[in-house]
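So, here's a batch of structures to check.
Both complexes below contain subunit A, partnered by subunit B and then by subunit C.
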Partner chain A sequence: MKRSRIAFALSSVVFLVVLAISPVKDMLLEWKGYQKDYNRLIQDLPQRVAPAEIGIRQIWVPKLDRVDRCVTCHLGMKEKALAGAKEPFGAHPRIDHDVEEFGCTICHEGQGPATTYKESIGKVAFWEHPMLPREYIEAACGKCHKEKTVTHAPVLSAGRKLIEEANCIGCHKIAGYQRQWVPTLNGIGSKVNRAWLYAWLKDPKAYFPKTKMANFHFTDAEADIMADFLMGFTSFSDSASLDPLPAEAAAPTEAAKTALEELGSTRISEARCISCHSINGKGGSIATDLGKVASKTSQQWLYNYIKSPKRFQPKVLMPRFRFSDKDLAGVVTYMKTEYTDYDLAEPPKHTPDPQYYEKGLALFKKYNCRGCHELEGVGNTGEVGPELTFVGSKKLYEIDFGQSGIEESLPSYLFTKMTKPRVFSSVAKMPDFGFSPEEARAVAVALLGNTNERIPEEMQVRPKQASTYDPQGEFGKLVNDLACFGCHTMEGRGRLVATDLTQEASAAKRDWIENYFKVPYSLRPILTERMPNFRLSDPEIKVLTDYMSKVFLTDTLAHDLSVTEASAAKGKLLYEERYGCKGCHQIEGKGGYVGPPLDKVASRLQSGWIFHWLKDPQALRPESIEPNNKLSDQEAEALTAYLLTLK
Partner chain B sequence: MILSRFYRMLTLALLAPLLVAGCGRVKEKPASLAANADSTQHVDSAAAAPAPVLSYEAQQGRNIFMKYCAVCHGTEGKGDGFNAFNLDPKPRNLTDGAYMKTLTDDRLAQTIREGGRGVNRSSLMPSWGARLTKNEILDVAAFVRTFAVDSAAAK
Partner chain C sequence: MKNALDRIVRSQVWRSIFRHGLPDSNRSRAETVFYNFFLHLHPTKVRKRSIKFTYTWGLGGMSFGLFIVLVVTGALLMLYYRPSVPQAYWDMKDLQFVVSSGTFLRNMHRWAAHAMVALVFLHMLRVFYTGSYKPPKEFNWVIGVVLFVVTILLSYTGYLLPWDQLSFWGISVGTNMIHAMPFGVGDKIAFLLLGGNIVGENALVRFYVLHCFVIPVVAIVLMAIHFWRVRKDGGV
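Take a look at the complex of A and B:
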């Protein structure tokens, strides 16, 4: 009897415990703990914040196929009072997207429906998209924003720029990138000397630190074979040939040499070569460094190339300066004296490998040099690397981490691939682009954004269609010859190193444009890149200005106004006092120099342009940093009137 | 005696899972989320000194500041941008903690939005309300605030 009583009591206790398990488990759920912590936290705040009702919360975004329960614990997301509070309760930084509309995991990744910390960050088995580390977060912008420069995503934009500049699409297929101009190797044997080529192949950045050419880590023997192989290609594209060096430059007397050097020095500074080229690191960064160029190539090559760059590199963005033979003799004599590397080490002696051609060709193909450089007789070998259009959706099991020992995640893989391209496999062929850690991270961010996720069409931001503008006729020939697109944009094509010329005839006066071609000067003294003096002939200038005044014109920008003394005086007051224009612009040497000086602005600009510019500068040039003062028409007219008195 | 022992056991049995579960939760609590912010680094932080960790807003604000404001206020906010010596009065030294403390957030944003003339100061400070969005102005203000904090910490 007693025994059965004990048994009964025991079983009751067990039954009670079993009954208690479920409610206790429910009470102790991780997220409930956070919600209670949150409610305790907000009691200490100076402002009143509504307490959280205990319960699961979620954001459902059907069009992105996301269910995100992150807000179950991230309760202070929208509470300004909780900015900087401890996680998970801190307010979300201000961004341009509404979290209710987009959810969380579309940007952060991780496992949206999960309700525990560990599962939600997604570092669990079989979840392929763990949360993006914060330094890679801009990768998510890239899923929808496909334009090259994404506002408010500087890392992503920098990465896309690097991918384009490094010409990754030479070896990898990646949708949305343009092929870069890379010099043809046809005739390289008649252009450079072998010692330079050998050193260049071993380490391109030693000669020119900013070069886009990657380091293939050739062994000495490989570099010897490649140098011998390439030096064999002595004939240029389109059977161009080198003219002999003018006699006066070939063997000048001492006195003549000094005169030539002086002439060359003048021409070089007039032509503003350093707008694009650097000399031992100082100067522009658009083109190669010239500090040691006379040790790389011969005077004869320099003479021929400067005389007519496109004969040898048909698509190069180097303008053809209108130098006379005498000028050129001076320029190359000066370059020989000034741009020679007198410390250049003698190249190691070598006996050419008897099979250098076959072995060289094999190396050339193995490393897909043809992906970037054209070479006569070597056809396109096709992409050798994997396609990267959807690399951001690569599954972890598809990646071979080898012996690298890095964290096994896609961001860390891509980052490491950019800094140590051959660390994952002994047979990897990818060259070393010399990316800094910041650059490598930017490239990884851009690549991570290349996913195959389905994004509704209306949520995608597509890049603008590439402009097909291609001027023909005499003007077109000149634009090509002077490589205008290298710095200027016209009708949506070209670069923005210098002014967008699409509306230039509405902006500037014809006389001024003509004079500017004759004697270009720097409108903004702070810029490095300056318009070179091409030494154009009068008929050439007429061709250019005729075309510009007909085509680069926007009728709606005309705005004639009569200048009265009263309106000009009112404008002057606005200029000096109310809007503080003098802070950035100079007149008669007084004022700032962020913007161009405004002396004689009336001889330069059209009245309509000044008026519309003052009303809304970015409507005319989106990249301008001129403040928009929201002037009334009367104010803008008065200011214009004042500026028109500055002749 | 027997009964009281039963009660003791019962209490223990009921409390045990409570304790175990309670400990488990504490152990799983993430301490790392806030620490993640420390690893945030940005491409344009070329400075050799370890850059202070900026909030997301301040990072965005820095990009805007460098484009529009640094010409006068200087890249370090000291009011010594290359254009500063042409100006009278000089641009505000934004690292001046004592002064910046007297500025409310609203006033700071208003100064950026409406320029000097909006707040009875020199009109040499332009108004950016039409150029920058409301959020961009708040971002710049957030970044500007970091100058004074830094100098205070350095002292």
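Take a look at the complex of A and C:
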């Protein structure tokens, strides 16, 4: 009896202790320690910072369905005095979003409701979104910001550009990207020679390091089959055919050949081919490298192509230069001499596989070459890769990490997929785009931002509607023929290598435009991309300027003013003294060279344009780097008056 | 002092609760048992060997003790838990992170549930090995088996309530097994149980009601009968 009483007493004590464990644990919670630490820390600060009341804090964002308790420990988020303080008390770097409005985990991910360090990081069971590593943080911007270029998110924007340029949508479905122009393979057998094609298939970047074409890591045998298969496609689109080289190209003597080469060299530099093309790496980056083009293709093809590019590549953005047959003969003779790769290795001799067509077609389909390149007779095989529109919401259990041995997280998976596309599986078909680590990270960031999270409509930033501008008639034909959209933007369509022409007639005088077509020059000598001389005929120039002076006009930009000597003198003073314009602009050879020289600016620009430009340059051209000096109307008018004296 | 006590015992309130005086005769002893809810459960006589601990191991009593723990912790958990798809998982998180001793509550509930299944099973084994299912106790054995099933159903319905991946797939698999019943009966039962064809909002509410109301009520009624019978048949 006595023994059982002792046992009863002892077990009562044990139960009491066990019951006490939970309240004690409650008292010693991790976040309470942090809050006390914080209150000690702020006492040592010179500035007065309000101490934290002990208790859980949270940001509740109903529209994003988030409760973030990060601020329970991150107490100094909004205290400037705590910039650079030890974590978790440091102030948040300045961003464009109010933390109170957006919360924390919409950007950082992690487990918002958690109140312990380990749980909040989110690499725990029953939580699917661990915190984004810092170098991938811009992925979060991409959840709401769907426009192509996102201000303050350079990595995300670069990633989106890379995805578009690499034409990922050839194989993957991804919402919001435009298909890129890729050369058609129709007639490739009549265009390139087999040795070049074999080398290209083996490693495209060896020929042109900036090519968008990826390396499919073909084996020698596969490259042979593909080369044989492709060389069989000898007829061009729309039954175009190669004309024979003109009689002028036949140079019977060495002297005649030298004369032709000289003519060609002159025409090539006049046409400013290097505005778009590079020659062995030097020059523009819009089009392919020409340094070894004569080893890739024949003189005959070059002659035909330069004569009329769109006959062979209907959608190419190469302008048709108005060369005579003699000019062209010179150009191709020069190219043959200068642009030959004497190091191009002959591929090893081989006997074509008797089934090269079937096997080649199978390879062509397996690697979905049709995703980018058009080839007559081979139907579209559709997207062969997984859809990537919501890849950022992919669950870890859906990913096969194979034998890669990398950290098992979505960012590291996507990054590795970009650098070593076939490392996760021996049957993976994705080619190697040769991304640098920075590029691979940028692409991964852009992809991680493609989530299926529900973002309220009013919080989404959608891309602008693509312009439907498509000029018709004579002007439209010329715009197509000269591939103006390849460099210029008009009414929101085209690239911005050169000026946006939408308001050109309000900016420049008609006479100047006409002369510019005849003898184009670069307004800013430091630019690589320059307007080529297309050798347009007078009627063609008239068509262009007629259209421009009627359409590319904004009435509100007109601003007539009378130039008096007094106002011009006042303007001169402003130019030289007050605003230091000569820091960037030159007049009579004096001044900087960032902006265009202003000699004869009065014969180039309209008075209204000058006036409005001075008032607010970015209102007219958002990309302009001219500072907005916030001139008064009188000052702007005086400066305009001065500039109008420079004829 | 004695006077005061006397006054309390004679008061209207006291006598309305205890209708008899202190038991001093066989009649009043019997009355004490008859009129007291708790005492009347007792058997009129108990054999000495049946109260030996190593005979019953107290497994049924311990199961009932755990049931009490589960009712108490469950009621407290109900204060924080909302059976709706957008809220359920977040309420789990709140219990884990912000409710004082919330994790303790959940763990108590969970481990008590596991332990109860184990103990009920052991209890059943004990009854089998001591032959306690034999007449006249065969009906009580049947009730016991039903109670075992009820215990398992309580565990199963509670499994869905955290609304995490484990719950979702656990219930998906379970209800898909029901579909395998022949003659289309399975489909009907599964539909009834889920309130639809998928594990969604309706299923969550149904499982919540089953877990917190229907099955506990059934369990309590059956337990009352079970205990009554045990007592009347001379057990403890």
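In this text, the second predicted complex is superposed on the first by the 621 of 647 C-alpha atoms of A that agree within 3 Å, B and C clash if a C-alpha of one lies under 4 Å from a C-alpha of the other, contacts with A are read in each partner's own complex, and residues count from 1 in each chain.
In this text, contacts are C-beta pairs under 8 Å (C-beta built on N, C-alpha and C of every residue); 3 or more make two chains touch, one makes a residue touch a chain.
Bear in mind the structure is a predicted one, so any value in this text is a computation, not a measurement.
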Exercise. Record, for the superposition on subunit A, whether partners subunit B and subunit C clash or fit.
Key: fit
Quiz item: For the overlaid structures, how many degrees, to the nearest 10, lie between subunit B and subunit C at the C-alpha centre of subunit A?
Solution: 70
Practice problem: Kindly classify A:67 by the partners it touches after superposition: subunit B alone (first), subunit C alone (second), both, or neither? | Solution: second
Quiz item: Touch check for A:578: first (subunit B), second (subunit C), both, or neither?
Solution: first
Quiz item: A:23 contacts which: subunit B (first), subunit C (second), both, neither?
Solution: second
Practice problem: Identify the partner contact of A:126: answer first if only subunit B is touched, second if only subunit C is, both if each is, neither if none is. | Solution: second
Exercise. Could you tell me if A:441 is touching subunit B, subunit C, both of them or neither one (first, second, both, neither)?
Key: first
Practice problem: Return first, second, both or neither, reflecting whether A:154 touches subunit B, subunit C, both chains, or no partner chain. | Solution: first
Exercise. Applying the touch criterion given at the start, work out whether A:15 contacts subunit B, subunit C, both or neither, answering first, second, both or neither.
Key: neither
Quiz item: Thinking of the overlay built on chain A, is A:115 touched by subunit B (first), by subunit C (second), by both, or by neither?
Solution: second
Self-check item: Touch count on subunit A, higher of subunit B and subunit C
Solution: B
Quiz item: Minimum Cα separation, subunit B versus subunit C, post-superposition (Å)?
Solution: 15
Quiz item: Of all the subunit A residues, which ones make contact with subunit B and with subunit C?
Solution: 25, 116
Exercise. Could you please specify the touching residues of subunit C with respect to subunit A in the complex?
Key: 86, 90, 93-94, 96-98, 100-101, 104, 164-166
Quiz item: In their complex, what parts of subunit B are in touch with subunit A?
Solution: 6, 9-10, 13-14, 17-18, 21-22, 25, 28-30, 33-34, 36-37, 39-45, 55-57, 60, 63, 67-68, 71-72, 82-83, 86-87, 115-117, 122-131, 135, 138-139
Practice problem: Can you check the complex and tell me which residues of subunit A touch subunit B? | Solution: 9, 13, 16-17, 20-21, 24-25, 28, 30, 33, 84, 86-88, 90, 93-96, 116-118, 133-135, 152, 154-155, 158, 438-439, 441-442, 526, 577-580, 582-584, 586, 591-594, 616, 618, 625, 627-630
Quiz item: Taking the complex as given, what residues does subunit A use to touch subunit C?
Solution: 22-23, 25-26, 56, 65, 67, 69, 111, 113-116, 119, 126
